[in-house]
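Shared chain: chain A. Partners: chain B in the first complex, chain C in the second.
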Partner chain A sequence: MSFEEITPSEFFYRNRDLAGFTNPTRSLYFTVRELVENSLDSCESKGIKPELFVSIAIDGSEQQEEPRFYDVMVQDNGGGIPRRHLADAFGRVFYGSKFKLKQSRGMFGLGVTMAVLYGQATTNRPAFVASSVSGQRYYGYQLKIDVEKNRPVILRKFEGRAVGWRGTLVAVTVLGDYQRAESKIISYLEQTAMAAPYVTMIFRGPRGEDLRFHRVTDFMPKPPHEILPHPLGVDIEMLKKMIRAWKDRGDLAHFLTRSFQRVGGKTVQKLLERIDIPGSMEPGKLSEDQLQGLMSAIKSYEYFLPPDPSGLSPLGADLLEAGVRRMLNPEFLTISVRKPSAYGGHPFTVEVAVAYGGPRLKPGITVFRLANRIPLLYDESSDVTWKVLNNMDLSGYRIRSEHPIGVIVHICSTRVPYKTVGKEYIADRPEIEREIRLALRDAFRRLRVYLSRKETMAYRKKRASTYSKYLPLIAKFAAGLVGAKKPPPYEDLIPTLEREVLLVEEAA
Partner chain B sequence: MSFEEITPSEFFYRNRDLAGFTNPTRSLYFTVRELVENSLDSCESKGIKPELFVSIAIDGSEQQEEPRFYDVMVQDNGGGIPRRHLADAFGRVFYGSKFKLKQSRGMFGLGVTMAVLYGQATTNRPAFVASSVSGQRYYGYQLKIDVEKNRPVILRKFEGRAVGWRGTLVAVTVLGDYQRAESKIISYLEQTAMAAPYVTMIFRGPRGEDLRFHRVTDFMPKPPHEILPHPLGVDIEMLKKMIRAWKDRGDLAHFLTRSFQRVGGKTVQKLLERIDIPGSMEPGKLSEDQLQGLMSAIKSYEYFLPPDPSGLSPLGADLLEAGVRRMLNPEFLTISVRKPSAYGGHPFTVEVAVAYGGPRLKPGITVFRLANRIPLLYDESSDVTWKVLNNMDLSGYRIRSEHPIGVIVHICSTRVPYKTVGKEYIADRPEIEREIRLALRDAFRRLRVYLSRKETMAYRKKRASTYSKYLPLIAKFAAGLVGAKKPPPYEDLIPTLEREVLLVEEAA
Partner chain C sequence: MKRRRSLSDKEKALKLLEELGENVYQRMEEGEYPSLRIPDRNVRNIVYDETLRQYVLGPRTSLRTARNIKHLRPLTQLLWLAYFSKLLVGSKKTSTLRDVFYSAQAYRVDFEDQDESDERITELEALLRVAREELNIFPEERSSIFGQLTIRYNVPGYEGRRLDLTSHPDGVMIGPALTGADFVDTDAEMVIAIEKGGLFTRFIEERVHERFKAILINTAGQAPRATRYLIRRLRYELGLPVYILTDGDPWGMHIAMVMISGSANAAHIAQLTTPDAKWIGVWATDIMKYKLPYDRLTDVDVKRLKELREDPRYRGEPWSTQIGAFLKHRRKSEQEAFAKYGLTYIVDKYLPEKLREVRSI
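Coming up: the complex of A and B.
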């Protein structure tokens, strides 16, 4: 038996399926997605309204058929990456700025580096990255990743005047199958624009396609910010790490109130009384047993306030509505936004939109899943949203299979519980399930009102037209019965009935 | 924006959901599973018939309710781990012996280390590992993992006389929920015994349960061995790595024939002619362009023999039958074993058993999924096997919803395309789908024969009993018709009909 150690680069290089890079179709999709999400995070974290240029071009190489080489490039107007971090940010696995308690699209700090690794493995081409923080000068690298050492190898350096451009540009050459990936990529961009209607994206495809998503609002939700951990979201290892980082800035009582959210002086007092440790102790001097006791006391403490949702940045009803209207232009739309909730010490919030009709929706229920403003397009049947939908009695809401209904579910969290590194779908935590269910119920109730009005209206319309048709005959017949020569003046009755229908239509 | 680098320990520590450690129930199950699989691999790779002792005990700590602390221990009689690797093998992420082209249960070199990490995070207890390679002396460590450095921290060392014991023992304390995990753990052990009927496992549960799976056969499939990569399973990075490892043991032609399977002198000649590189060149001197050219030539070469399946170690029809009989004791059982096939340069083979009736199967289809002899118990609906089943017309095989049917699918490969690090389910590669479909069709055809016989038999039985009932009356009536006083001797006819039914039953 021979043992060896491999680097994280090598691990993900060998097992790129784990990060979603399973075949040329999916890998081309994931490349676009990772680059776009990285750019959007970079803009939003600085409060900049994103303007992205996304391009996919056939690489001028030999292959005539799919799969073939594609140059994928994304340029943003974000905050840029400082020169000293630029090469590592794209050329080193587990190096990044995403290892924080903060709502962001990226979560694992892996995405773009995976795209660089995948490109390198399939095409042997280097990646090109360039950035400007100042807007004065840009700097860039042509680089590859040394997978055995997990570090970037810089092949060429570039530098020049940025002429006002601030942001980051990433270009990779990958083996892809655009023909098969096209519809997913377009859906991804469309739904990204739906989830972030303040974004402008210009997409240039390999056949010269030109798709433009212009922002429909100038309003941006406040940027998410980093938060202190909630005591219930922390385990013993994290506690130790926090104590090490605290060094000797104060005693235990101080440490606890300053390092955690929702922990005040009284809470600390009650906590420490239970385990009989003085608050004046130095946190670094706690024994293993005392640490363990503190952790147990935290886990069994009943009175913590729920996790602070201020680090969350949900879209809000108006932005969600603007986004959905642009994409689906539905006949009816209702939004349901839940208050923040929490699972295992992590705050989250659920926003739901339910749409009916319009030019895009087909009969049946179409689900659009979003998490921290990312559209999730693969492995839909495994997702928590379908689990909730499958357990609801939809006929109770007058929903029938021929109805064209769109269900948009957006989950925001400082920690979305994805089940895969590729962020394809969300685990079925009971707390999240519950919030989705409540939001859907609320929205479906309003949909039911709309659907019953629609039914009533259709019925009245039918009745009205029946009346209009038979009224002259009835009038004539009635006149005949009483022996009158002329029927009574019935004409006024018809407009009344039709007016009724019109009124009902307006009300809906 | 602040950047930082994290170690693989820290990554998987933070994102343990990715490796299946999502909650106390599932984590207890995964802990058992990872320890058992590690032990089985360790025995089988040495050709030793595994004898495992698996124990789960309530840790004598404060919690009275689930979830609480459990001590999980697995001891095997495998080859043992040399002293110099023991601490790293359990205390360092990405350190192991599984990074090879070889069929084994473990694939990512992560499992046991994840269990140690999870235990440490939830209970703050060290792990205990001990091993003996010689059978003379054992050595052991109490250790924790320094997640920020990704290395083991040894707290205590042990050493002593092994008294004939050779193998490895691992014990970890984890936060678990046995009440909820119990059925999964038992199913896991049962199905593991089904997939490896040459294994003996003794399980001691926390309430004193004592489950014994004794081997039902002494025959073990030949141990899987490491194979050279197939050219189609290699990409440019791997090619470079192989060239580096080759150093200067010979020219390019030599390198190609010695480093790959299925590549002989003629193939090399044809390959190199296409790209105009002399076989006498030193592989280390190839330029980037030449490497790229070589890779392209390999990818477009049409005449490679399919990947060598000799590294695979399928169960074979007999072992699979023995395993399924022990577990399900079905009324009818048929096996279908496919010839080896390949996807993307990796050999694989599919073995299928279809069972009907018996004491364990319930009405409907129950699927048992196995991959490299591992039972897969979670996320069944996402698996390729259900995808295939859902696309088959089962009524064509006379399968009805009330039939109690078991479908056992075993996939062996040097590289099982799992979609998650937790190895929950298998991606739907078209080549694998096809083999499963063909194996199922074959088995279902024989099931159909059995089911129709069964139907015919039931029909005859019914007919026979109808005859038996009416025969005396018919005889009497017939006698009356011809004016006879006594009916003809009809009694002999009844046994004949009943015998016919019995014969049919035997034939089935």
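Coming up: the complex of A and C.
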């Protein structure tokens, strides 16, 4: 048995199913998703309102049966990537020394590279990337990834006039099954647009589908600050990596105050007293035992302030409302936004929208799950939101099974606790569960008010129409029985208040 | 006691219908919500009348008012039925329960199903204290009659026409026309009501109507109200004794009892019972005495017997003895069981013996 060192790109290539690229259906969906999320992040980080063009086309006409080759292309209007970084950005897997945290869609910045790797592995076609930073000229590469050496191999170069376009374009050819992936891809685009109402997106599908989502607001959420990790949010491997990256910029006390949030001089002093290590020690010189001691001291330290929420960028009530309205156009909508909270050293916040009625919702509860503005479409029933809903007494909120209700739950965090690497459902952390429950309760309370008002109106209307239906008949039959020509008067017996409601409804 | 069928009964029904309309019309004219007091037909309001020897309704009533939105629909249905009955009686037309259900649609009156319209008809009967037959509404089920009796029809198109009830070898259907006909001439000395068509046919073939001077009636299971009404007329207008022959089990026994003392279902209707009719068999004791082929009583049979034992109608004889015998021997036999001794045995031996036995009591 021999051991070999493998490059990060080879590692991801070998384990591509971990990232969701398990079969042609899911892979096509994940390819679209990674490209779109990459573009959205790139626009938002520059404060640009995203405009995306997404296209999926059958590659060549000779392949009739699924799965077959598809050309997937996403073009954005983001900041673009300078020429010297362009090939590396998509043709190389980075592993770096960046420990600062902020909310973003991608977790490792690997998504697009995974799509490139997957395309290359299944179709042996190169990827095409192009970008313009200036709006004057664009430059592009046809490239493959040398997996063993973890670097891009440029096959062709392009350059030309950008005629006002600034942004990035990525095109890959992948083995996919559009027939099976279609509904997921459409839902993904719709819900992405819901989570980001300031986005304009145009989609062209292989069967001539043409979906357009125009932005419904010019406001974008406040971008997140980069924050240092909270001490409770790191494990021992992370700690070691941080010490390696620290090199010899100062002693242990310095390292701790500079590398973590919520750690000042006093905290360091108290922490180190507990494990009897001097603050003046060089962090690189810590023994394995001392590292272990430091870690457990951190875990058992009870006075840390909660993590700084400024790394989060929630949508806020207005944007969430605009997004949900665009997608569902509901009869009734209410939003509940929670204050930031934390689990295990990671800040998070929960935003909930509850919608009733409208053209899209079907009877029953439909759950839309969003995490850091990404829609989650797989494994819905395992998600924490359903766990919370199943433990609630919905009838107490006058919710009945035939009611068309949409529940939209958005979780923002510097680290969303996905249960699997495929990032499809959220683990049931008690802290997160609690926040979702509180937000839902708040929103459901307002839904209850609406539903009971609606019920009262419906009851009054029904009452009036019942009387309007039967009283004339009773009058007619009574007249028939006594042999009278004219029926007795009945108009005044129809309840007055109800009659008004009926007239209002008829006029509307 | 001679009772003549005449238009005056119909006139009485018409008058009651008009009074009902008057009540509603007047209330509405005064700007009030119309309401009706309807006799309560719930079991708690059904009591056994020892002198009448039948179940009757007690004094409880329930208010049905247009003030209550839930009452609007049934109230409308009830008034429509009254109105429809008026049209039927006025034009001398009849209608089956099913016809009634469908006719409602022409008046934009909705019934969920025929059960609902049947229920409302029963309510109207209770309200007016008039049988639906008086309102020219009849059930579909028909039983038949055969024997030496001549009747004269009263229905439109047949007024005055006569019919000899031996003229058709399968018997004559008992429908509204026959129930309301006048009895003109008869040689008969008794009436025998039989639960099943097979034995009815056998009796005709064996000329029981001549040999015993009997009018034969096939009740085809539980006797329809029209048939019970006709039997009562035969008993009291012609003074004929009535004998009932059913299967030897609790269900057959109860078929006989309903003809004699009425059912809880029709507690609101008088004149359907024949209190001195006699159940002549098949008795539990007959099963033993004639060594008839039998089946074992099922759990359901036994449960039913125990229920009947508690029923005040079953207190006298032969009922209590027979219930005791059923429960003791746990046997039941159908009328056809006599075929064991040959097809004519039941007519040649059993029937004369039983008639003698019953008359001697």
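Methods note: the second predicted complex is superposed on the first by the 384 of 508 C-alpha atoms of A that agree within 3 Å, B and C clash if a C-alpha of one lies under 4 Å from a C-alpha of the other, contacts with A are read in each partner's own complex, and residues count from 1 in each chain.
Here, contacts are C-beta pairs under 8 Å (C-beta built on N, C-alpha and C of every residue); 3 or more make two chains touch, one makes a residue touch a chain.
What you see is a predicted model, and the numbers here were worked out from it, not measured in a lab.
By the touch criterion stated above, A:S134 is placed in contact with neither chain B nor chain C. In the superposition on chain A, contact is made by A:H85 with chain B only, not with chain C. Applying the stated contact rule after C-alpha superposition, one finds that A:S287 touches neither chain B nor chain C. By the touch criterion defined above, A:Q64 lies against neither chain B nor chain C after alignment on the C-alpha atoms of chain A.
With both structures placed on the common chain, the touch criterion links A:S395 to neither chain B nor chain C.
A simple residue count on chain A separates chain B from chain C, and the partner touching more is B. Of the two partner chains, chain B is the only one touched by A:K419; chain C is not. Contacts of A:T466 after superposition: chain C is touched, whereas chain B is not reached.
Once chain A of one complex is fitted onto chain A of the other, the partner contacts of A:I474 are limited to chain C, with no touch recorded for chain B. Comparing which residues of chain A touch chain B with which touch chain C, the overlap is empty. Interface residues of chain A, counted against chain C in their complex, comprise 463, 466-467, 470-471, 473-475, 477-484, 488-490, 492-493.
The residues of chain C lying in touch with chain A in their complex are 17-18, 20-22, 24-26, 28-29, 31, 33-34, 66, 69, 72-73, 75-76, 79-80, 82-83, 86, 107-109.
Residues 1-8, 10-11, 13-15, 17-18, 22, 45, 62, 79, 81-82, 85, 88-89, 92, 94-97, 99, 108-109, 120-122, 124, 147-148, 235-237, 241, 288, 291-292, 295-296, 379, 381-382, 417-421, 427 of chain B touch chain A in their complex.
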